[in-house]
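The same chain A turns up in both complexes below, where it pairs with chain B and then with chain C.
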Partner chain A sequence: MNKFEVKQLSAWYRDIQVLQSISMPILEQQVTAIIGPSGCGKSTFIRCLNRMHELSEGARLEGHVYLENQNIYAPKVDPVLLRRRVGMVFQKPNPFPHLSILDNVLSGLRLTQRPRNLEIAESALRKAALWEEVKDRLEKPGISLSGGQQQRLCIARTLAVDPEVILMDEPCSALDPIATARVEDLIHELRKNYTIVIVTHSMQQAARVSNKTAFFLSGILVEFSDTSQLFTSPTHPRTEDYITGKFG
Partner chain B sequence: MKLEKVFRTLCLAAIILPLGLLLLLLGQLCFQGFERLSWSFLTEFPSRKAELAGIYPALVGSLMLISLSTALAIPIGIAAAIYLEEYATKTFFSHLIELNVANLAGVPSVIYGLLGLEIFVRMMNFGHSLISGALTMALLMLPVVITASREAFKTVPMHYREACFALGSTQFQTIKQVVIPMALPGILTGSILAISRAIGETAPLVVVGAATYMAFVPDALDSEFTALPIQIFNWVSRPQKGFLIDAAAGIIVLVGTLFVLNLVAIFLRNRFEHR
Partner chain C sequence: MNKLHTDREYENELRDLRSRLAVMAYEVEQMIKKAVASLQNSDAKAAEEVILKDHEVNRHEVEMDALCLVILARRQPLGADLRFVTIALKMVTDLERIGDLAVSIANRTLKLKNMPLIQIPPSIGLMTKGVEQMLQLSIEAFLDADAVKAESVLEKDDQIDELYHQLFRALLKEMAQNENLIEPLVHIQSVAKWLERIGDHCTNLAELVVFMVRGENIRHMSKIK
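Moving on, here comes the complex of A and B:
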């Protein structure tokens, strides 16, 4: 089943067009990888799925994005509520530096003023495979953790809001190989319950974690198919050139 | 290597010279005023006899003035900075406002005094009162608070705001939960700069009409008032030598008040930074 249906999506930063009429589905409870060289529009693409794109100065957009048949760019849609359904994890681990581990997990729930909901925090940390490592120091600052733990804390923070979709914008590019492997294991675990869209620089990562892969080049969707097919028998010569390392 | 040494020495001299002069001045003042410094100096009213004169009404007046103007200027200043940094779209008009606010911070304080005299004393009919003085001081502090708070908001990296938005927060929640807490140390530093500037100001208070002799302590917003710099100025202008000693002691009290305020600010800032 299709979670998202993207139709002729074009996006601009001021006068520069970064996405050109992208149309593709995103399947429910699958991992969709977006690959392509730097500046190909892959980050902009996922930022259009939770309406983060419009927060940038000079950002503009045309086309439609349907989330379960509801156009998320319809005037009556509240982007704040949409972002609770479609969570996002960023490239650089960015736990809030002024908050403890516990408060970071609960930051999306705004429970800090009232009694904090420890059950939600524990369940989110468990889902992010971080609970065992932090359960004894929940009141320590979030930034006291290692880079990989910080990124899993950010994933836990996203999970605590109980989203349906998780967008990941190169979540491992700032992490070492071991931390990367842990996050990838986590993605395997999460895809049972969530729809995941991951932007990645690494083709190996796309091959390891995703069911579907989309190859973007200069704002154009060049190829979109099953991951195994895209990496073994790409139909487009540009895709083949990219995955065999001829450019990018 | 030689040039390196010369440059290093020059830079060192650039610290020592002004600092040394300042310390010399302070030292001389302390030396002069110390004999008059006592509990009764702090708790007595001014007198015609220099050795009996105290600074009580001026000290209380200054503290009241500063508390009132701080209570007015800091919330308004932070709110204005929030609007400019977080809400306003960057148009020609908003740039014009920003430029003007920055320029206002450099306007001579006597101009604010004249503004206060015209608006608060005359138009709003508050008279030569504590509230007129406090409102004028608040005006004087506002541009400093706004500029410093804006700088503090600018230092909060954009990606923290984005992270908060991505969790489904509204802009208000993002400002309240992320932007303000992270900018707080910077806001505090700026605010204390503004308070320090205001507490030493004399000119606007002279213009607004602070009393030079007070036999009572201000007890209402519309009562007359005086302040430490006014009292000191008044003493300095007397011919008798004894009043010069009073003035020196008054300066010690003023500098001491400033010192305490700064300590409080540093304490607060460190607390918020280490959270």
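Moving on, here comes the complex of A and C:
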């Protein structure tokens, strides 16, 4: 079943077009990887899925993005509420430096003025496979954790607001191989309950974690297919050139 | 593979693998030719040369296995490169087996030396030419990434099988007529069987080439699309 349906989505930063009429589904409870060279529009694409693109100066878009058949760009849709349903994890772990581990996890809920809820925090930290490592130091600063732990803390923070979709923008690019393996293991676990879209520069990571892969080039969706198909027998010669390193 | 890889060292590693495979295939082809010629000419010296050559082919197999593993571990190839390296691993095994079969034929030359002299049936020569051609075509198809050429090999295997069955029946008839020749004729039957097996290995090579080019696995299919 499709969680998202993207139709003829084009996006601009001022007069520079970064996405050109992208149409593709995002399947529910599947991991979809977006790959492509720098500047191909991968990050812009996922930022359009939770209306973060419009927060950039000079940004605009055309086309439609449906989340469970509802156009997320319809006037009645509240972008803040949308971002609770469609959370995002960024390239660099970004815990709030002045907040404890516990308050970092609950920061999304605190913004909506809910009381400090330990049960939600524990549940989110368990889902992010971090609970056992931090349960005895919840009041310590979030930034006291290692880089990999900080990234899982950010994932816990995203999970605490109970999203349906998690967007990940190169979530492991700042992590060592062991921390990367932990995050990838977590992605495998999370996909049982969440729809995940991951932007990655690592084709091996896309091959390891995703069910579907989309290859973007110069703002165009060149190929979208099963990950196993795309990395062994891609249909399009430009995909073949990119994944075999004959590109550019 | 017209476009070059951005990483030139990687490009060279793949080229090295390709050229080593071609060299190994050439050596194996020469082994078949020499083994059958040794049988036809009762040339023990040539037979012994084939047996010695097998060590070199075995060494090629070990070295190419290692090279493929290094490429897989260091480069983590994808797409056409992944198919190329994985089929190279399999092709090396088929080529090495063909080498072993050539050695078996050479060994029969040595055994037949001390037996009653028999005429080597012309079908053996025909089968040899046929499998040599199959091997050449498979390797050309591999080097040119030509799936159509590879498919032509599959058709030739039926001809080799037919030649084998005809020869088998003829040998049985001859054995029934002349009991003194049963033992040497059994050896000739074995040689024919090994040539037929070489044809099967060439078929494997050709099927692998089709997979490398098209990403389509045609093995064990009754008909070619």
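Definition applied: the second predicted complex is superposed on the first by the 242 of 248 C-alpha atoms of A that agree within 3 Å, B and C clash if a C-alpha of one lies under 4 Å from a C-alpha of the other, contacts with A are read in each partner's own complex, and residues count from 1 in each chain.
One rule holds in what follows: a contact is a pair of C-beta atoms (placed from the backbone, for glycine too) under 8 Å apart; a residue touches a chain by one contact, two chains touch by 3 or more.
Source: prediction; values computed, not measured.
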_When chain B and chain C are modelled together on chain A, clash or fit_ = fit
*Could you look at A:F90 and tell me whether it touches chain B, chain C, both or neither (first, second, both, neither)?*
first
*Please indicate which partner A:Q204 is in contact with in the superposed arrangement: first for chain B, second for chain C, both, or neither.*
second
*Using the touch definition from the top, say if A:C154 reaches chain B (first), chain C (second), both or neither.*
first
_Can you tell me whether chain B or chain C touches more residues on chain A?_
B
*Go through the superposed model and pick first if A:G245 touches only chain B, second if only chain C, both, or neither.*
second
*asked:* So if I take every C-alpha atom in chain B and every one in chain C after superposing, what is the smallest distance between them in Å?
replied: 34
*Between chain B and chain C, which residues of chain A are contacted by each of them?*
none
*What residues on chain A touch chain B, complex-wise?*
50, 52, 55, 57, 80-84, 87-88, 90, 92, 94, 96-98, 107-108, 110, 112, 141, 154, 157-158, 161
*Residues of chain A touching chain C in the complex*: 203-204, 207, 231-234, 239-241, 243-248
*Would you mind writing out the residues of chain C in touch with chain A in their complex?*
3-7, 10, 76-83, 214-216
_Applying the document's contact rule, which stretches of chain B touch chain A when the two form their complex?_
90, 159-160, 162-170, 173, 177-178, 181-182, 275
